[in-house]
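In order of appearance the chains are A, B, C and D, and numbering begins at 1 in each one.
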Amino acid sequence: MFLAVLIALAVSFLLILVRLINGKTTFDRILAANSIGTIIVLGISVHGFYMGRPEFIDISIVYALINFIGTVAVLKLFDKGTLGDK
Amino acid sequence: MDNLILKVCTKVLFTPIILFGLYVQFHGDFGPGGGFQAGVIVAAAFILYALVFSVEDCKVIMPPKLNFFLLALGAFLYGFVGVIGLILGDPYLSYDVLGSTKEAGQHVGILLVEFGVGLTVCNVMISLFYSFADFDFGKKNND
Amino acid sequence: MIGEIIINAFLVTLMLTIAVFIINTRKVISTILLTGTYSLVAALMFVSLDAVDVAFTEASVGAGISTILFLAALSYLPKEEKEEKFNIKHIYAICTCTIVAALLIWASYDLPLVGQLENPVHQNLAQDFIEGSRNHIGIPNVVTSILASYRGYDTFGETVVIYTAGIAVLVLLYDGVSKNSKINKEKNK
Amino acid sequence: MLDISIEIISIISFIAGVFFILTGSIGLIRLPDVFSRIHAAGMIDTAGASFIILGMILQSGFSLITAKLIFIGIFIFFTSPITGHVTANLARKKGVDPVGKTKGKTL
């Protein structure tokens, strides 16, 4: 069952990767990167259950945090042209 | 970024992120984690604050002087734990004498040492972000 | 077992694909996004190899902080890479890469096979560390006990290296409190 | 009896989650512009992620792992729509026009 979910996640990873690679505008790329982050967060936790070691969930939490901060950083770079104040 | 929703979300998330960093820091003996990862997570919270508000606002809650002090304090703490062992009559960086039994000593030693690593990594990351975000040499050349 | 092999093969193929696309893109911003994705897949690879602490570090440092620092550095760089025609320098580079890769592959034949129980790594110290971590130190996570206790000198060295690197970057880039900052304005009042 | 019903509910929620994730990723490819793609990405991040996390919560029983899963669920459920909102805001500000009913004609 977990393997089936993993395969479905892998398929949707590949589909989103297409959008990440040939996205028309950069906002498409940002969206795709964010969605890939979500898919991988789910993938790590499902993989942990599949291997019978659910401690891997800590990594998912970290990645959920990092994904949000990374997306905010990219968006700020587009808005202001820099990450600082100037 | 002038977005009210993002600002409120950052204010709500700031504390849980630091709390999770501390969990990773002090739970490193039993699960995955440790000083290095915890330092990065706590630094990520401050970087998020600096991104959504501004670097100047972040410098109010984490002043550069405190940042530099903690940066040095982490490495100092690591060395100092070793020196305590040396004074009490053991080799450098062996933690057996820090507690009442050998195991308790090892626990105390590992906890302190990891805390030193976390402090250094966190503050190095924050100061790197400060210096990258504030550096305006390239901007002047472009204009 | 077969499931594991499928997962590993999928991840390796994915890493190769992303690496090829990183080489091909000219926009620096997509390179950075793809590099973040690459490190993530590397973290997944470490997860499937059961190296939890390494995966943790890869996910937080490789995919998170280094992406943000790359972005911070990007604002001082040109947004697009210049197209370069095939010239004599490329031939030198290709020759060097091929020779080094061939040497490395040749040298790898002397290494023991990965994952064999009779490897020298598993014979001498590993057993002591695993038992000592349970009996002498009393910590379930062997990685932490090796990192902080058995190999404490190494970790001290790493901490000092990080400290030194941070100080070096500060000396190069940090120009004190900038003139139009709030702190300075309040002081001047 | 209870075990079997919990198992069945978790399988159903896994199926629902996988359905939403696949639909969202197909939508991310097929839909015409940024604003409609945000809708597809939101489908992955809220419905898909929540159903799969619900399935894992039902599988894990009651422990610290359940609490961590709930934390992840809440986190993704709140942050992803916010990033979608900010992306849409910024795309509009930077002059990306939504595509109208007839292709090529902008609203």
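Here are a few things to note about the model shown:
By our rule, a residue touches a chain if its C-beta (ideal position, glycine included) is under 8 Å from a C-beta of that chain, and two chains touch if they have at least 3 such contacts.
Source: prediction; values computed, not measured.
Touching chain A and chain B at once are the following chains: C, D. Here the spacing of chain B and chain C, counted between their Cα centres, is 19 Å. Mean C-alpha positions place chain A and chain D at a centre distance of 12 Å. Once the centre of each chain is set as its mean CA position, chain B and chain D turn out to be 33 Å apart. Once the centre of each chain is set as its mean CA position, chain C and chain D turn out to be 30 Å apart.
In chain C, the positions touching at least two other chains are 52, 55-56, 60, 64, 68, 72. Counting partner chains per residue, chain A has residues 30, 55-56, 58-59, 61-62, 65-66, 68-69, 72-73, 75, 79, 82-84 touching two or more of them.
Annotation for chain D: residues 79, 86 touch two or more other chains. Chains that are in contact with each other form these pairs: A-B, A-C, A-D, B-C, B-D. In the complex of the two chains, the chain D residues touching chain A come out as 11, 14, 17-18, 21-22, 24-26, 28-29, 34, 37-38, 41, 44-45, 48-49, 52-53, 56, 59-60, 65, 68-69, 71-72, 75-76, 79-80, 83-84, 86-87, 90-91, 93-94, 96. Chain D makes touch with chain B in their complex at residues 78-79, 82, 85-86, 89. Chain contact summary for the complex, chain B toward chain A: residues 1, 6, 13, 17, 20, 24, 31-33, 37, 41, 44, 47-48, 51-52, 54-56, 129, 132-136, 139. Interface residues of chain B, counted against chain D in their complex, comprise 1, 3, 5-6, 9, 13.
Chain A contributes residues 3, 6, 10, 13, 17, 20-21, 26, 29-30, 33, 36-37, 40, 43-44, 47-48, 50-51, 53, 55-56, 58-59, 62-63, 65-66, 69-70, 73-74, 77, 81-84 to its touches with chain C in the complex.
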